[in-house]
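What follows is subunit A paired twice: with subunit B in the first complex and subunit C in the second.
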Partner chain A sequence: MGHSLTVATKELRSSLNSPLAYVFIGVFTIASWAIFFFVEKFFARDEATMRSLFTWMPWLLLAVGPALTMSLWASERRVGTWEILATSPVSTSNLVVGKFLAALGLLVLALAFTIPIATTVNGFGNLDFGATLGGYLGCVLLGSVFIAAGLFCSSLVQDELVALVLGWTIGAVLMLPGLGFWESLVGTNAASALRQFGVGARFEASARGLLELRDIVLYISLTVGLLSANGAVVASRRHGN
Partner chain B sequence: MRPAKWNLLFGAILVLANVFAFNGILSNFHGGRMDLTERGDWTLAPETVEILREPEEPLEIYFFFTPLEKQHQLLRPLIPLMSDSLREMEAASEGHVKLHLIDWDTADKELQTRAGEDFGVKPVTVPIRTADESTTRLTYFSMVIRYGDRSERYDMSDLYRVINSDADTGVVLGLQNIEYLVAKGITKVVRGFASIGASLLTSGETANVTVVITPSEQMPAHMKDLEGRMRKVLDRLAMDAGGKLKSEFVDPTGKTPEKSALRARLKREHGVREIPLDLEGNEKVWPWVIVKVGKKSDVFPLFSYSEEISEATVREALEGTLKGLIPGFLTVVGVVSPDPKPDPMAQMMGKPEAPGEFRQLNAVLGTEYEMKDVDLNSGSPVPADVSVLLILRPKDMTERALYEIDRFVMRGGRLVVCADTHGVDVQGSMAEQALKMASTDLGTFKELLASWGADVGEGVLVDTRCDKIAIPKTVMIAGQRVQVMGDAKHPAMLYFASGEGMTPSSQLTGGLASVTLAYAAPVTVSEARPAAESRPAKTGKPATVTTETFLTTSAESGSVSDVASADALLDAGYKASGNAKERTVGLVLRGKFPSWFAGKPVPGLPPKKEGAQTRPADDEDSGPPPSAISKDTTMVVIGDADFISPLFMSWTDLSEALKGNVALLRNAIDIGGSDPALLKIRSREDMRRPLTALRKMPEADRASATSLARWLALVFPLGILLVLGVVWRVIQAQRKSIDLTGMEG
Partner chain C sequence: MINLQAERLGHLYGDHRALVDVSFEIEQGSVVGLVGPNGAGKSTTMKILTGYLVPSFGSVRVAGIDMVASRLAAQRHVGYLPESAPLYKDMVVQDYLAYMARLKGVDSGNRARRLGFVVSACSLRDVLTQPIGSLSKGFRQRVGLAQAMVHDPSILILDEPTSGLDPNQILEIRDVIRDLGKSKTVVLSTHVLSEVEAMCRRAVVIVGGSVHADVPVGQGDHEAEIVVVDAPSDLADAFAKVPHAVRVASITKDGNSTRFRVTTSKSAQSLLESFGRVCAERRCVVAALGSARTDLEDIFRKLQSAKSAPKEVV
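Here is the complex of A and B:
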């Protein structure tokens, strides 16, 4: 775990050295702000809640998760630091977890920049902090899935843009079962069953401040599954297979 | 691809497949939930869980809905929410409740027929707008709670509420308190309906049902089954009542002298006759049901022109009539209001009803209670089955009316009083098509109330914490003066929300989102006062009575003499002055209340020669003189009646506020009643958290405040991000890089 944290610190530091991280966080902040105040018309709704922002979060996290991870493995291979990493005494799992934690740290930082929105809400009404905390915890859990997916894609290819598109594709596939259009294609009961596998649809409970064990298990197991696949790819490459 | 990579790929796919399979199994698991909301918005109340586990046989909940793509766009988000709420209840019931989510379009024909025939589920026509078309469709959105052969149905209008209808955001719908509806429905089907037979058995009364009906072969095609349906319904009820319900079918058609005599008797005794099915009167039928329970009787027709005839409608009509005749079935609320009483003669002649201010309220409350208009001024007593007396805007009350109220309280009846010093001038408002107010005098009723501990003060309260009303505004459009409807905060429209004037611990207001009172009068705990030249002595609040405040104005509230002075503040603006202070407008009194008439003569009765008061032998209903002190009971006094006047609220565009106000009134009716569990569940009614700080702001300041707050919410974090970036660069410029190769594995 200690090595994972060292790798995470190193990755986080190098991310923060790059202006790209600031651009991502800035864009995420502006998008959240615009959605909350203009698309969802917070003041016109007259309700002291962050729920309208949280309902959009699956799509925002899908956009930002793979963007934060696209270069974590791909750039190592592109700039030639992969060999150093591959031959370093740090275990593959430590490397994978370290990079995951670094990206998650950046995501948490990006989410922290939406706290002024919550402060504004509380200034005008009585914000439910418990429900808001539940929403943010859900964001971290769902974000972990998209980061793990992005990280996995980054390990597959050398090109960062390809990794980004692949990450978005996997994220979209994970969202797909929970989308509304299934209703008209397969009927209500089948759509309802499918909905249980949509990571975005399962976020609905967290968005209203309800953390369910089945949702937490889904997010954690998907994250662990994707990180394991990522580890397998990295280990295979490390050992020259 | 090399074999190792294939293995890798298969391994990854297998891992993810296992993850999905595991989560598929787990998706039906509803345990392990952490409700992080402050008020436990998503946690079922223990009272609900108890009610859910009450049925001895499995209770079924059906949710019939049109699939999302064919459903009205505003109702679409409510279907998953409703399904989730019901699933939570099914899980919490531990097998006592079985949930059926029925997509109407894919449901089998047998179930559809059963839903229509047995449950009375009907589609509603709603406008549907899609990218390709704009049309109207029949859609289903109904919930049915079924226990044995009893069921309770909640239709679309019972299941949703309008959260927002702002022109900017459009209409936003939310679900009603489904937890309360389900708890109420279960209570009704498990406890309530079962007592139709049980009530007959315990009361010792026998219900006699006479069905006066044209024989099936003479009936028009669509009514041929009517007799069969009625027989089926009666057979079921008779079985429940264990011999206490008897029925007979009478054919009044035919030309024999016996039949003619029968028709004459039916007309004379019950006012029933053959009724036409069309305007020309070519087709006539006998469709009457005469129900007698003890000395009471009622008559109803088996069909109405507007409704489709089904077994469910027939059963609902019969059960509704029986419930009205069997004592102690539902909470019976007696309503004393200044509305003109309905004129049966005028109704029969098809004349429109005289306008009434509170008549619509009776219909709203009638879904939960049995409402009875009580005319105390005529000298009639409060009917024996009334357990709550709702007194709306008391005025011009006779001594005899006060005596009957006193007698009602003495027997332990609960009182809800909505009293103020002015009221809507209904006739004047109708004539001028504009809201007209007139002052009213509480008269001696004020003294009666004060003797029990509540003093309704004079004047009209104004406050800075107030609601908006609709007012006409003149605007310039293309150089023309045009009058449009706008809104403005009116200092006399007192606004109360959670933590803002509502006592959170009170059963009356705890959990309610908001209440708006209009032109309210203060209500204080009455104090003893010695007699003076111009006024009699006051005893003050009795020692046997305790009080609880549940609505209080802000510390900036003041009082003006009348409605006109309050209205003048709409233009001039209201600012707190020296006499500003918090004022109570809602008070609960509990305990034993002394009789106002103890030792006094019974009003309206001739004195006996010996001097003692007695009642004439033929006036059996007036009952004995009241005892000196009441049984333990509850009184709720609110210093306003406009707040539940549908007429006033619609004229001032406060119709949305009326929902919260009616919720308060329902709590007031139920408080001290026999079902506190339902009251507790209902107090969780609204989870809304309005932007109270924004509401408090003057209209003119709002745009600038919201704009500033909106931009600060963007500029502040972006500024921090910029500073963070700069500081990070400076720090990193002074640091050495980490040597990864130095780490040990």
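Here is the complex of A and C:
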């Protein structure tokens, strides 16, 4: 665990030294504000909630997750620093968890820049703090899934951009079962069954601030599963793959 | 004391057999050169020695610990400088070294002392606050060496440590490595012969994924060469018992004649009479008797025509 924190601190500092992280966090923040005030027209609505922003969050998180992780493994292999990392007495799982925590830290930072939205809302009416907190917690959990997907993809290739596109693809696949178009394709019953497996559709309750246990379990197990796959890919490199 | 043991290492990359059969043992306090033509398996061997690669066959023991079974425990004894020293270019030298020290488990009580030691050993004092990306190739190599040493490993594996450096930088790095070799086990790879002769006491020559020769370096004429026709089986033992003979370094058979190379602790020339007497006592025909030069150059020259030459048995 100590090694995970060492790795996480290093990666977080490196990210904050590069302009790229600021670009991603900036875009995420601006998109959040624009969606809330202009697309969802907060001032035209007569409700003091952040729900309209949270319903968009799955897409925002999908966009930013793989962007925050794309270079974490890919550049280690491209530059060759992986050789030094792999010959240091650190377990693969410590490295995986460390890199995951670094990306999660950046995501939390990005989410923190939307907190002024909450205070603005609270200025106009009484914000439901419980629901808002639940929504943010849901964001962190769903964000973890996309970060884990992005990390996994970063471990597969040496090119950051390929990792990014792969990460978006896997994230989109996870969203797919919950999308609206299934209803016209397979009928209402089948579509609502499918919705149970779409991470975005499952987020609806979280957007209302209702974090259900089965949603938490789904997000955490997807995260753990993807991180394990990441570890397996990294470990298999020791056999010359 | 044997500190590093490679036993029958073999490695497959898919169907390609990169390493066939590599074995050697290295004691503490020596610098050993891993030499051979490009693609012979030097880097693959080093990657296995450091735990970067799991060998398809065979085993590595460092300080008595099996590298595959207990990788983390074994890696605490190994420092590695990969070829061309890949480093995080955006990091400042002192942050990087502190990070590597933490990662390699140097506890907080010892960290400042270890960092101070590697910084002065690799002469990095003046660049501590510079980003690694802004450093010259020579300084980067030294930062790479510093990270390899930071956890005080008893074994250092250095892949082409002087490649790409200018002559002054090469001399500096050689000094550091020779110094390290006094107390540690250093294995370095190179394809430059003068490099081996300048730094190593011994060379393991790898050709086609196997150990082709394992020879002492820089001992000039301290080796006798005796070629005997129809040698009796106890002849090697008898040679080894001659006063001032250290060991029989190699035995090569070619038809019915056998070539012995015997390492000696004093000038081989002065011992030729003794070796001749040993042969006479056993009534065997001596075809040639002389002091041999186990120059690596000889080996390398032979490698050019290696296909037809008999393989040395070590």
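In this section, the second predicted complex is superposed on the first by the 238 of 241 C-alpha atoms of A that agree within 3 Å, B and C clash if a C-alpha of one lies under 4 Å from a C-alpha of the other, contacts with A are read in each partner's own complex, and residues count from 1 in each chain.
Here, a contact is a pair of C-beta atoms (placed from the backbone, for glycine too) under 8 Å apart; a residue touches a chain by one contact, two chains touch by 3 or more.
Everything quoted here is computed from the prediction, not taken from an experiment.
Enquirer: Under the stated touch criterion, which partner chain does A:F129 make contact with: subunit B (first), subunit C (second), both, or neither?
Expert: Only subunit B is touched by A:F129; subunit C is not.
Enquirer: More residues of subunit A in touch with subunit C or with subunit B?
Expert: Touched residues of subunit A are more numerous for B.
Enquirer: In the overlaid three-chain picture, which partner chain does A:G225 touch, first (subunit B) or second (subunit C), both, or neither?
Expert: first
Enquirer: Applying the document's definition of touch, where does A:R238 land relative to subunit B and subunit C: first, second, both, or neither?
Expert: Only subunit C; A:R238 stays clear of subunit B.
Enquirer: Looking at A:I84 after the superposition, I want to know if it touches subunit B, subunit C, both of them or none. Which is it: first, second, both, neither?
Expert: Touch partners of A:I84: subunit B and subunit C.
Enquirer: In the superposed arrangement, which partner chain does A:T6 touch: subunit B (first), subunit C (second), both, or neither?
Expert: Both subunit B and subunit C are touched by A:T6.
Enquirer: Tell me the contact category for A:S18 with respect to subunit B and subunit C: first, second, both or neither.
Expert: second
Enquirer: Considering each complex separately, which residues of subunit A are in contact with subunit B in the first and with subunit C in the second?
Expert: 3, 6, 10, 13, 17, 84-85, 88-91
Enquirer: In the complex, go through subunit A and note every residue touching subunit B.
Expert: The contact residues of subunit A facing subunit B are 3, 6, 9-10, 13, 16-17, 19, 22, 25-26, 29-30, 33, 37, 41, 43-49, 84-85, 88-91, 113-117, 119-120, 123-131, 133-134, 137, 180, 183-184, 187-189, 192, 195-197, 204-205, 208-214, 217-218, 221-222, 224-226, 228-229, 232-233, 236, 241.
Enquirer: For a test of understanding, state which residues of subunit C touch subunit A in their complex under the given definition.
Expert: Result: residues 11-13, 47, 50-54, 71-73, 75-76, 78, 80, 82, 84, 86-91, 95, 99-100, 102-105, 144, 147, 151 of subunit C touch subunit A.
Enquirer: Flag every residue of subunit B that touches subunit A in the complex, lowest number first.
Expert: Counting only subunit B, the residues touching subunit A are 2, 4-5, 8, 11-12, 15-16, 18-20, 22-24, 26-27, 29-39, 41-42, 67-69, 76, 80, 83-84, 101, 103, 106, 163-164, 166, 168-169, 172, 498-499, 688-694, 706, 709-710, 712-714, 716-718, 720-721, 725, 728-729, 732, 738, 740-741, 743-745.
Enquirer: Help me check something: in the complex, which residues belonging to subunit A touch subunit C?
Expert: Residue list for subunit A touching subunit C: 3, 6-7, 10, 13-14, 17-18, 79-81, 83-91, 238-240.
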